[in-house]
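After this come two complexes, each holding chain A, first together with chain B and then together with chain C.
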Partner chain A sequence: MSVMEKFKRAFFTENPVTVMLLGLCPTLAVTSSAENGIGMGLATTFVLVMSNLVISIFKNVIPARVRIPSFIVVIATFVTIVDMGLQATLYDLHKTLGLFIPLIVVNCLILGRAEAFASKNTIGQSLLDGVANGLGFTFALFILGGIREILGSGAFLGMPIIPGDWRTILLFVLAPGAFITLGFMLVGMNKISERLEGTKS
Partner chain B sequence: MAKQEESGLKIILVLVLIAGLAAVLLAYVNKVTSGPIAEKKRQETQRAIKVVMANEAVQHPEMPEPVKQVDFPAEYFPVRNQADQPLGYAFKVEAPDGFTSAFEILVGVDTTGKIVDTYVLSHKETPGLGDGMMEEEFKKQFRGRSLDNTNWSVQKDGGDIDAITAATITSRAFTYGAERALRAYETLKEDQ
Partner chain C sequence: MNEIFLLIVGAIFVNNVVFTKFLGICPYMGVSRKLDTALGMSMAVVFVMTLAGSITYIIQKYVLIPLDITYLQTIAFILVIASLVQFVEIVMKKVAPALFKALGIFLPLITTNCAILGVAILATQKLDTFVYAVIFSFASALGFGLALVIFSGIREALENREVPKVFAGSPIALIIAGILAMAFMGFSGMVK
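Let's look at the complex of A and B:
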C-alpha cells in the first residue's frame, strides 16, 4: 500500500474517529477547543507510533497467549512517558488535558492497531501505520475542537473571531455539543469518503 | 507472532522481561522529568502569589504551612514586599461543593484582614459558565472585602456577592472558599 493511500485511508475512508468510531471517550471529552484537540491528538499519536514500533519489533518474541497483557504494558509505559514529559514541558496544556492523558491507555484505537496491524507487519509498515492513524485521529479531533470552539466560545485557537457583543452558543462547549458536532461530522466525513471512493454506495 | 503452543516458563520469562524493561525506562524518564516538573509547579505557585498580592510579593517560603485550629483544610504563605515589610498572607483553601467538584483557590489577605485578590489554582468547573470566576468582572468585587464589611453569601441567598449568571453554584462555592481564607486569617492572627 502506497504512503498516499495509507494517509487517505487514515484521514478519510477509515478515519479512526469518524468511520471506525474508536477512542470516543477522549474525542468527546477534551475537544472543547481546537488546541485541546491537537494536544490530545498528538499525545495519542506519540503513544500509537511508539507502541506500534515496539510491538512490531518484538512480534516474534511475544507469546500469542499473553499478547494482550504485553501490549497493554507497552502502551501504558509510553502513556506514562507522555504524561511526565508533557508535565515537564507544556505544563498548562497538561493541566487542561489532565485526567485524559492516563486514559490514553484504554483508547481502543491504540490496542486495535497493535493487535490488527503492528503484530503482523514489518517495522517500517507499522511505523507508517502509527503515524497515519495518529494524524488521522488528530485531524478529526482538531476539526471537532475547532467547530466547538468557534460556535461555543467565538474563538479559534484562542483568538477571538466573533464580535464580542454576539452571543455564542454555549451548548457547544458542553458535553451535549460534543455529541451533536460529532454527529454532523460523521455525516460530512461519510460524504467526503464516498466521493473519494468513487461512486460506489 | 509465534504460533506454536508456548511453555509456561517462556510466557513468564517474556512477561517479566517486558515489565522489567518498562520499569527501567520509566525510572529513567521519571529521573529526567522530576526536576523540571517541580520547577514548573514552583513557578506556578510564585505566579499565583504575585497575582493575589497585587504584584508586590517578593519574598515568601517555597512551601505553604498548614493553618491549624480551623475545621477545614487551609495552608498559608507569609508574604513580604521588596522592603522586607510583611504584606499579609496568601491562603490556599478549598472551595467546597463546586459544580463538578471542590476546587482550589489562592486568596491574598493584607495585614488589616482585607482581601487583596484571588486566583483559581485548579478547577473542573464548566467552561464558559463556572470558569467566569477567573475573570475580572467577578474577581473585582472581592477586593477590599473582610469578614466585618461583608455578608459572605451570594445575593440569591441574601448576601453581598453578585453571582455569575447561570453559575450560582460555582459562585457560592467560590464565596465560601474566600470566606474560609478570611477565617483562617483571623485564626492565624489570634495565635500570634
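Let's look at the complex of A and C:
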C-alpha cells in the first residue's frame, strides 16, 4: 500500500475516531479546545508509533499466548515516559489532560494497532502505520476541539474570533457538548460519504 | 456517616463516571444496544471495579509509596487489573458457573474499560482511607451501571423509530448520550 493511500485511509475512510469509534474517552474528555485536542493527539501518536516500533521488532520473540499482556507492558512503558516528559516540559498541558495521560494505556486504538498490524508486519510498515493512524486520531481531535472551542468559548487556538459582545454557547465546552458535537460530526461524515457514493454511481 | 453518604451520591450522580468524567465510553457505546447485555455488563463492572479499586489502593499505599516507585503506577495498575480479570474469570468458572455464564463474555472486555483504571487512579489521588476507596469504587461502578442501563433502555425504544439515514446508528446514540449528560448536569452542585 502506498504512503498516500495509507494516510488517506487513516484520515478519512478508516479514521480511528469518526469511523471506527476507537478511543472515545480521551476524544470526548479533552477536546474542550483545539489545543488540548492536538496535545492529546500527539501524545497518543508518540505512544502508538513507539509501541508499534517495539512490537514489530520483537514480534517473533513474543510468545503468542502472552502477547496481550506483553503489548500492554510495552504500551504502559511509553505512556509513563510521555507522562513524565510532559510533566517536565509542558506542565500546563499535563495538568489539563490530567487523568487521561495514564489512560492512554487503555486506548483501544493503540492495542488494536499492535494486535492487528504491528505484530504481523515489518518494522517500516508498522512505523508508517503508527504515524498515519496517530495523525488521523490527532486530526479528528483537532477538528472536534476546534468546533467546540469556537462555539463554546468563541476562540480558536486561544485567539478570540467572535466579537466580545456576542454570546457563546457554553454548553459546547461542557460534557453534553462533547457528545453532541461528535454526534453531528459523524452525521456530517455520513452525509459527505453519501454524496461521494452518489457521484460515483 | 454523612460523609460516606455524600461520597456515594457524589460518585453515582454528581460526578457520574460516564457523563462528567468521560470514562468507559467504549463499552458504554458498544454494549448498550440491548437491556440484557447492559445489565450483564453493569454487574460485571460493579464486581471488578470494586475489587480492582480495593486492590490497587492497597498496592499504591503499601508497595508503591513505601518503595518510592509511584512512577510505576500506570504499569502496576494495568497489570493488576488485567490479571485480576483473568483470576476472577477462573474462580467464577469454578465457584459460580451460573454467574460465569451470565457475566462471562463481558469479563475480557473489562480489561480495556478505562473506567476501571481511571477510578482506581482517582481513588488513590483523592481519598485517604481504604474504606473510602472501596466505597468510592463501588459507587462509581453503580453510576456507570445506571448510565448504561438508562441508555440501553432508550436505545431499545429507538429501534422501532424512524431515524433519518445519516443519523442512524452511532450519531443518534451520541446525541442521546449528550442529552442524558445534560440531564445529569442537573445534579451538579449538589455535592462538592
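Heads up, the rule we're going with is that the second predicted complex is superposed on the first by the 189 of 201 C-alpha atoms of A that agree within 3 Å, B and C clash if a C-alpha of one lies under 4 Å from a C-alpha of the other, contacts with A are read in each partner's own complex, and residues count from 1 in each chain.
Note that a contact is a pair of C-beta atoms (placed from the backbone, for glycine too) under 8 Å apart; a residue touches a chain by one contact, two chains touch by 3 or more.
This structure is a prediction, so every number in the text was calculated from the model and none was measured.
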Touched partner set for A:P69, first chain B, second chain C, both or neither: both
Contacts of A:V106 with chain B and chain C, given as first, second, both or neither: second
First, second, both or neither for A:T77, with chain B first and chain C second: both
Chain B versus chain C as contact partner of A:K120, first or second or both or neither: first
First (chain B), second (chain C), both or neither touched by A:K95: first
Touching partner for A:L186 - first (chain B), second (chain C), both, neither: second
Which superposed partner A:C25 touches (first chain B, second chain C, both, neither): second
First (chain B), second (chain C), both or neither touched by A:L174: both
Common interface residues of chain A - those touching chain B in one complex and chain C in the other: 69, 73, 76-77, 80, 84, 174
Chain A residues within the chain C interface of the complex: 21-26, 28-29, 68-69, 72-73, 76-77, 79-80, 83-84, 99, 102-103, 105-108, 111, 171, 174-180, 182-184, 186-187, 190-191, 194
Residues of chain C touching chain A in the complex: 19-26, 29, 71-75, 78-79, 82, 111-114, 117-118, 121-122, 165-167, 170-175, 177-179, 181-182, 185
Interfacial residue positions of chain A with respect to chain B in the complex: 32, 58-67, 69-70, 73-74, 76-77, 80-81, 84-85, 87-89, 91, 95, 119-120, 152-153, 168, 170, 173-174
Residues of chain B defined as touching chain A within the complex: 1-3, 6, 10-11, 14-15, 18-19, 22, 25-26, 29-30, 32-33, 36-37, 40-41, 44, 122, 126-129
